[in-house]
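Several structures are given next for inspection.
After this come two complexes, each holding chain A, first together with chain B and then together with chain C.
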Partner chain A sequence: MSDKTTTILAEFAYTPPAVERGYAGQTLYVDVSTPSIAAKPVTEEMKEKFIGGRGFDLWLLWHGVKDGTRWDSPENEVVISSGPCGGITQYPGSGKSIAAAISPLTDVMIDSNVGGHFGPYLKFAGWDAIEVQGKADQEVIVFIDAPGGKVTVEAAPADAPTDTHLLGHWLLEHYAPSADDYPQMSFVTAGTGSEHTRMGCLNFSLYDRKRQDLRYKQAGRGGIGTVLRDKKVKALVVRSFPISGDMNAPADLSKLQAAGASIHKEVATFDPVQNHMRTSGTTYLVQIMDDYDLLPVHNFKFGRHPDTPKIKREVWEELLTQGLPDGCWYGCTVACAHAVDGYEVKTGPYQGQTVIVDGPEYETVAGCGSNCGIFEPWAILEINFYCDTYGIDTISFGTGMAFAMECYEAGVLDAEKTGGLELTFGNAEAALEVLHQMGRGEGFGLIFGQGIRRMKAYFAEHFGADPQFVQDIGMENKGLEYSEYLTKESLAQQGGYGLTNKGPQHDEAWLIFMDMVNNELPTFEAKAEALHYFPMWRTWFGLCGFCKLPWNDVVDPKNKLSPEPQKIMHHVENYRQIFMGVTGREIDYDDIITQSERVYNLQRVLNIRLGKGLREHDAIPYRSAGPVTEEEYLSRQERYDTQLREWLGLNPDEMTLAEKMAAHREYRMDRYEKLTDAVYARRGWTADGVPTPEHLKKLGIDYPDVLAVVEKHL
Partner chain B sequence: MTIADLLAQLRYSFPHIIVSINGEVITKDFATHPIPDGADVRVIHLIAGG
Partner chain C sequence: MKVLSFNPERCIGCGICEDVCSETWFKVTDREKSRIRISEGENGSFSALYCVQAGDCIDVCPVEALSRNKQGIVLVKNKVCVGCLSCVGFCPYGAMFYHPDQTQVFKCVACGKCADACPENALEIVEIDTPRAPGLQV
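Now for the complex of A and B:
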């Protein structure tokens, strides 16, 4: 280590165990208050019922927090786990981790999936999960040094930077014994923005051998970076062992190889004619969403914009560096983790620096671009870079900024209230200045950084805003900002966002085409079935260490002729084979869903234990369901008038605009309530959204402390 | 009108699409496959995840 002069505050010696069938067999507990370090065993019950990843995060949080724990309580934890299949190299998208904590935005558990090397490296260093609890009284770094056989909590020197793009290089220089070790290093960091806001993200590093530089993937959602910085943890550092293809010691490697051979061929054949992720990541969605009137524009008012071609996939393909193997984990042929190299920063404290900008992904382009009326690629890149290095979630920033801009244009805000910033749609410079204020912890950025839910309350209390108006247009549920899809014409997706554990994030369910375009879910019961199956199936990725993209973003066209084409069962079979090949456990398709149901239901009970998790917390803002303003209604008047005739049997020619909007509102919100009833029934919950004791028993998670929580609400 | 013409008219740009004409699933040659007058055309989008 070149010039490492940190002070050791706590040290724990260990011998890294051999990973067997996907598990290291222990989790790492770090209390940064004391500080102290300990190993906890992974029991057979944990593996059987909670699998790993989000399941282990949940299990550790359940036992680590108290009923009254809040995001900034010392007992809140940052928990990270990959899963038994995390770290395999035979199948694309198999290096994911799930980070979790009690969220500063929602006051319940947030789970956020992320690529990068940290999760698999943590396991290969001998730990299936890391659990960080307590609050340090000085800045600390947690260092897991597997080759050195120790874990340490160290005082971070005063010269250690906080913003990720600087801190990463500092950590490489100070913690890697030599440049030969760079590929074995990975870090979890946040940034100065995480310190001053509730929407802090975590950056998970990967050392890019081709670029010989660090790259980052983000666990963006829910403010886990804020929790990390509240604990005064500057970084989690792991030094692992050189990677090989059998480090999980799978029960049957041939199953992994067979599944991998199949999918690699599909990706190579069909990605170039389908979504082009190997050249431009998930940006292919921008123009498609616009074509279907689903791209969020001007705070979700509209679904398309004439300037969308300025930020469509082909534009990003030109800007993103081509020809490099841009996977966020080894062996990923989907390789969607692209970057813009040699980007010269144009604003803020790092103006003039030449940096790598990771992404942008669809959510960032739509959230920080079209939703804010910003159609300039440089501005989206600049926001992307600063969000990452400051440790800010681009989705919460984009959706939050869109809300603030509409408030400005509606007169709720003005230049006096924003400190001179004209937050009109399309004003990229003003949006960037708010972002820099979040990094500095000053001005309007401090108010903005509290998130939409708290902005609503602040604007009503201090700026005289109409509480109903800001509630209607502020796109948050449970306190979490919406991700970037328009849901007004898809009731099922309104449920996909609202009837969730963590809030409106598209990784639970994306049902818009099935529901809105295909009309395959014509009844409440059909929508409820989809809102059971797909959230459970997608939860399973996060238990095992998988990425969702190889499941349904590249598909052999022959899938069209299968009995259930939306489920893409030949890919589901790949995942089943991999799970059995790694763990040696025989499972069928129903077992997959049951494994997820255990985690999903216990997470619901944890939310209830924390004072949330009931029906009232699944309510959605009206803009998620229908047009709030006259401008919105008139922009799609033919559609809405036709719906009045066909759905409600009304004659719009005899109604005022106000009457038409009121009729839509009553009808649409009533349907959301009926959907809620159907979904709760399908999931085995009461009408108030509480898992029943019978259902918990059926799932095998009827522990006394779990039943004690739900019985108060029956 | 071909299938491709119809999809373009509807702005159906998503790549995972099934088209059936009078109950027969068409899997290729959208650009040249004609749609007969009065045909029952169904277009199904295959995605369940964003």
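Now for the complex of A and C:
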């Protein structure tokens, strides 16, 4: 090692096993308290029932935590696993990992989907998952050195930086034996912002061979970075072996190759005329959402804004470097992981530095942009860069900032309460200063960093806020900030956000177009079926190591002629073939859903075990279901008045504005309850949202300790 | 640069070129391992898939396993290729091939063995300035 001078606190020697059919066959347990390191076997039951990825995370967490475990309990764990198909190179989007922990925002399990090289490299280093428990009494680095045949817990020297863009380079310098090893290295890091807030994210690195520099993808949701820093873990470092196309030792490589060649051709043919992800990532959504009145604007009050063209795809295409293979894993031709190179930082402690900004992705543009009334690309890039290096989730930051800005404009906050910051919509400088305060751990940034749920309580207790008003406009569910889609006119998507395990993140279900635009889900039962199938199908990506984007963000137009075009079955078939090709396990389409159902239901039971996970915890803020303020109602008065006539048989001409708003509220909240009933029934749950023993038995997860949890709630 | 050239008017579809190619590079007689593929059209004529050294694949490769040598031939570095098949999907001519016996892709490097063996002189190595689709070089 170049100039590595760290002190070894614990060491575990091992011989990296050959990966067989997608599995290394063991998981890595690290207790940073003691510290101690151990290997745990991956059993056939784990593979059969929980597959990998989020399933393994859940299984390890289930056994690792106690009923009363909270985010900062020593026994809380940061768990990371890719999945059996993670690390294949033949199919785009096959290098994903799921990070999980008990969340500081929600007090239940959070699972966060992330790219980068860490998950596959961890497996190729001999570990299907890593489980980090305990709390260190000094700053530590966990180093998995596969070629060196050891895992170590090391004291991080005082000169090791914390913010990711600096720490990454420091780790390369100190942990890679030579520059030839850079491509085999990957890190999981957080940042100073993670230390001072509950919305800390994890950065997963990848070494970009063309740029010859580090890039990062974020496990953004739910504060896992906060948990990592609470454990005083500065970084997880893996050094793996040079990559090849058969590192997973698949049972039948031909299945992977056939699916891969087919999808790459589809991407090459249709992406340039569909979503342009190869040139501008997910930013194509910005203008589409605005066109359909779905782009969050001013804390989800509105769905469009005249300035949206300033932050639409074409603007980002100009800023993002073109012509590079920007996959977050080898072979991803969807290549959404673009970057702005040579960006000069304009504010804060790194002002004047020239950096790479990873992204921005749609969620960041919409959350930190339009939702906050910010339509200046430089400001969105600046927020994006600092969120990443400080280890802050851009979605929680954006949605949280939108909430704080509305509170400011509504008089709940003022300059005195914010320490002099004028948090009006569009004030990018003020938003950035809050972000820097989160990095420094001071001022209003400390209050803000607690997340919307705790801001609401704080504003009510200390600033005299009307609890109902802040509850109505604070876009969180279970304590997690909403991701960036307006749901007022899509009941199914209200359920897609609320009737969830981890909270309002669109990776469970994205049904707005099916429901609102195409009207394909006309009944509660149809919506409930969609809220069964799609969350289970999307869960499966996270069990196997896949990304969702190649499933439905580029599609051969012939799909429209298929019986169920929304399911894109010719892509589902690709995934089925790959799963069988890697693992050698024959599965059908129903098996895919059942595999997910096991994980989904056990995660629900874990939430119940932790004191949540019931119907009351699936409630949504009214802003996500209907107009909270008069301003909102009047902005869409024609639509809302028409709905009163058509849905409720009322005559709006004879009603006051307050009466009209009250009628909408009653109707909209009532239909959410009816949807909840239908979805719970479809999912095999009681009216209180508890998986029934019969359902758990059917799924083969009726373990005594699982049944003991649900039986208290029957 | 020197590239393979195919004259569809002369091809009789005997497949000798495919056999010679797979024998040259894989030491087996197996059309699926040939770097040139002949197929018969509806009207009884034959067409060929092979690399015309256009190089569209080079920038798609995530690991820089594809490069052009001094003679203009696009080469696959087998030790670097991670078998992602991006180049297979992005080749506009369908001229990058793969086989489950190995992870790496393979392609025509204009070695000329097939041209030497073609009994009808349908294949030859020619000097061109600008790559064109297979069958259009002449």
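Everything that follows uses one rule, which is that the second predicted complex is superposed on the first by the 714 of 714 C-alpha atoms of A that agree within 3 Å, B and C clash if a C-alpha of one lies under 4 Å from a C-alpha of the other, contacts with A are read in each partner's own complex, and residues count from 1 in each chain.
Here is the rule we use: a residue touches a chain if its C-beta (ideal position, glycine included) is under 8 Å from a C-beta of that chain, and two chains touch if they have at least 3 such contacts.
Keep in mind that what you see is a predicted model, and the values were worked out from it rather than measured.
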| item | value |
| --- | --- |
| Touched partner set for A:325, first chain B, second chain C, both or neither | second |
| Partner chain(s) touched by A:273 [first = chain B, second = chain C, both, neither] | first |
| Contacts of A:257 with chain B and chain C, given as first, second, both or neither | second |
| Which of chain B and chain C A:565 touches, first, second, both or neither | first |
| Contacts of A:552 with chain B and chain C, given as first, second, both or neither | first |
| Partner chain(s) touched by A:470 [first = chain B, second = chain C, both, neither] | neither |
| Partner chain(s) touched by A:102 [first = chain B, second = chain C, both, neither] | neither |
| Partner chain in contact with A:333 - chain B first, chain C second, else both or neither | second |
| Chain C contact footprint on chain A (complex, rising order) | 89-90, 209-210, 243-246, 252-254, 257, 260-268, 323-325, 327, 330-333 |
| Residue numbers on chain B that touch chain A, as the complex places them | 11-16, 18, 25, 27-28, 44-50 |
| Chain C residues within the chain A interface of the complex | 59-64, 81-86, 88-90, 98, 100, 103-104 |
| Residue numbers on chain A that touch chain B, as the complex places them | 273-275, 285, 287-288, 291-292, 483, 485, 506, 509-514, 517-518, 520, 530, 534, 538, 548, 551-553, 555, 557, 559-561, 565-568 |
